[in-house]
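Here the structure is laid out as structure tokens; the discussion comes afterwards.
Letters A, B, C, D, E and F mark the chains as written, and numbering starts fresh at 1 in each.
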Amino acid sequence: MKILHIIRDKGHELALSTALAQATDLTQKVALLLIHDAVLTRAETLKGLEVFALKDDVEARGVGDVVRLRRMPLLDYNGMLELIFESDKVIAW
Amino acid sequence: MSEKLGILLTTSPENENTHTVLRLAETALAEGRQVEIFLMCDGVYHLNDARLEGLTQKGAKVVVCAHNCLERKVERKSFVLWGSQYDLAVLIKESYRFLSFN
Amino acid sequence: MNQVAVIIHKSPFNTLRNSEGLRMAVGLTLEEDNKVTVIFVKDGVYLTGNVAPEKIQSGIIKKHLEALRLLGHRLVVERESMEERGIEEPSVKADVLSSAEVVKILSEADRVIPWQ
Amino acid sequence: MSEKLGILLTTSPENENTHTVLRLAETALAEGRQVEIFLMCDGVYHLNDARLEGLTQKGAKVVVCAHNCLERKVERKSFVLWGSQYDLAVLIKESYRFLSFN
Amino acid sequence: MKILHIIRDKGHELALSTALAQATDLTQKVALLLIHDAVLTRAETLKGLEVFALKDDVEARGVGDVVRLRRMPLLDYNGMLELIFESDKVIAW
Amino acid sequence: MNQVAVIIHKSPFNTLRNSEGLRMAVGLTLEEDNKVTVIFVKDGVYLTGNVAPEKIQSGIIKKHLEALRLLGHRLVVERESMEERGIEEPSVKADVLSSAEVVKILSEADRVIPWQ
């Protein structure tokens, strides 16, 4: 089962701890999509998780270079929809 | 029937949620998907946002919580359905994917 | 059955939104296939205390929680959040569950609505 | 001239700020102080809140940022002054104590 | 000089660190007034500061007993105004 | 002179509010006795970076900052907040000051408006 967390706030503790706890169950594939100010979330809090970010939201904040260095895949809205529809469950925090 | 994307929007147009919901809905409609948006709380202030009316012209269905509109004295508009929490209860069951923007 | 989890995690009364989230949770039960679980976690747990929103013209809380219980839906309070805040037990009838159990509910739910 | 309490309110009536500003202003007026409230951002939605109109009847002066009202299609009301950021600039200088509710 | 901080959010880091830093200057008298959900702020983060709380806001949250145990003075709106007008500077966070 | 400090401390673009706070700061200069200092601290410091709000239909930032500078008012960025976020220097012309210096500005200001 694939679970997608869409996170809007920077460093959203409850969303991140939930995703990390779910990821310990190996029958579940957990992914995060960072949008809005969540694209500024510190890399160390995301360790061990598959993380995507919304390209426009990253560029609006002027942190494109930083995010690219972290090799985080950047999605457009088509990519975001694809991720949403291919996941079995989506939680938009 | 195509897969329906259900969206709950409860924030005023001051929030970045508005931009994301608009872009996501437009993209989904262009891909041939159904989109239904339920507005409640300060989300009902979108009845005065021309961009939302534009979205309904592209095929999105928009429903508001009439109770929240009356509380806020937000006038009824012809492009939205004057609904209740029952509409949200059905949408959350029937949509293929459901996103909350709170 | 459509399992819906509603998460209340923000502090109680800075806005009317928590009351509105609970009104929504009650509304979700109008579709009889929806089985609703409201989860109180982080600062949201204060709402399961002996609150008196009428003191500040704020929104209804207890009546919504009672309605959910009477209609056969579920209220859950996360134990760790209560302990961190020095709260011994909820003032409303609710299941006090561990963080791990809450995560399990979220993984099993068909829909999750984090409110804020 | 009595000491003026200046208040900036930028949040919608969903926020607890509304209750606090109303109670504080009522109390100040009852104590014989002057009260002036400036509304901007989602604070302008208070033009549709009867409690604010009641406050002006008790002697409070309420000014709105007309720009924010026009953006949000909030209709002008006779109980408030249709102002600009200049009014806030003067209020923040002239009030004896100034409180922001953002 | 007397500075009053009116705090609305629980555990408002920036407001608390500013107040604590100002309190180290002994020519300044610093006080906090907790309103809204700030009345739930943990006692240990308020150490060394003079702290008041708004009575209605405390009672709405059902924590009157806890706050009274901490001997925090509870104000009504008249008391709040008195505090505001007797302070030289007020910051409403 | 009426010294006014405006504090921008919330994350940049989740709402239009930071842009509105800066519009207010510019507006405050319309009364010529007001001397305005805008202080960027915590997640507010991101707004002094190379932001592009037009990508997300968000509000004006740079134009307001330029206007404040041209009108002879002051922009301040807190050094500790920048360092914690790995930002080396602001993209706009601003004074980078220590937390202690920022506290001093707040103590000396006649009015402080924390924006959020």
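The rule we apply is simple: a contact is a pair of C-beta atoms (placed from the backbone, for glycine too) under 8 Å apart; a residue touches a chain by one contact, two chains touch by 3 or more.
Since we're looking at a predicted model, the values are computed, not measured.
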Touching subunit A and also subunit E, the following chains: C, F
Touch-network distance, subunit D to subunit E, counted in steps: 1
Between the pairs C-E and B-F, the one where more C-beta pairs touch: C-E
Chain whose Cα centroid lies at the greatest distance from that of subunit D: A
Distance from the mean Cα position of subunit D to that of subunit A, given in whole angstrom: 40
Cα-centroid distance, subunit D relative to subunit F, in whole angstrom: 24
Subunit C-subunit F separation of Cα centroids, rounded to whole Å: 38
Residues of subunit E whose C-beta touches two or more other chains: 8, 36, 56-57, 92
Sequence positions of subunit B contacting 2 or more other chains: 14, 16, 41, 98, 100
Where subunit C touches two or more other chains, by residue: 13-14, 16-17, 56, 58, 114
All touching chain pairs, where touch follows the definition stated at the start: A-B, A-C, A-F, B-C, B-D, B-F, C-D, C-E, D-E, D-F, E-F
Interfacial residue positions of subunit B with respect to subunit F in the complex: 14-16, 19
List of subunit D residues in touch with subunit E within their complex: 3, 5, 16-17, 20, 23-24, 26-28, 31, 33, 96-101
Subunit B contact footprint on subunit C (complex, rising order): 2, 4, 16-17, 20-21, 23-24, 26-31, 33-34, 111, 113-116
Subunit C contact footprint on subunit E (complex, rising order): 8-10, 36-37, 40, 56-57, 59-63, 66
List of subunit A residues in touch with subunit C within their complex: 1, 3, 13-15, 17-18, 21-22, 25, 28, 89, 91-93
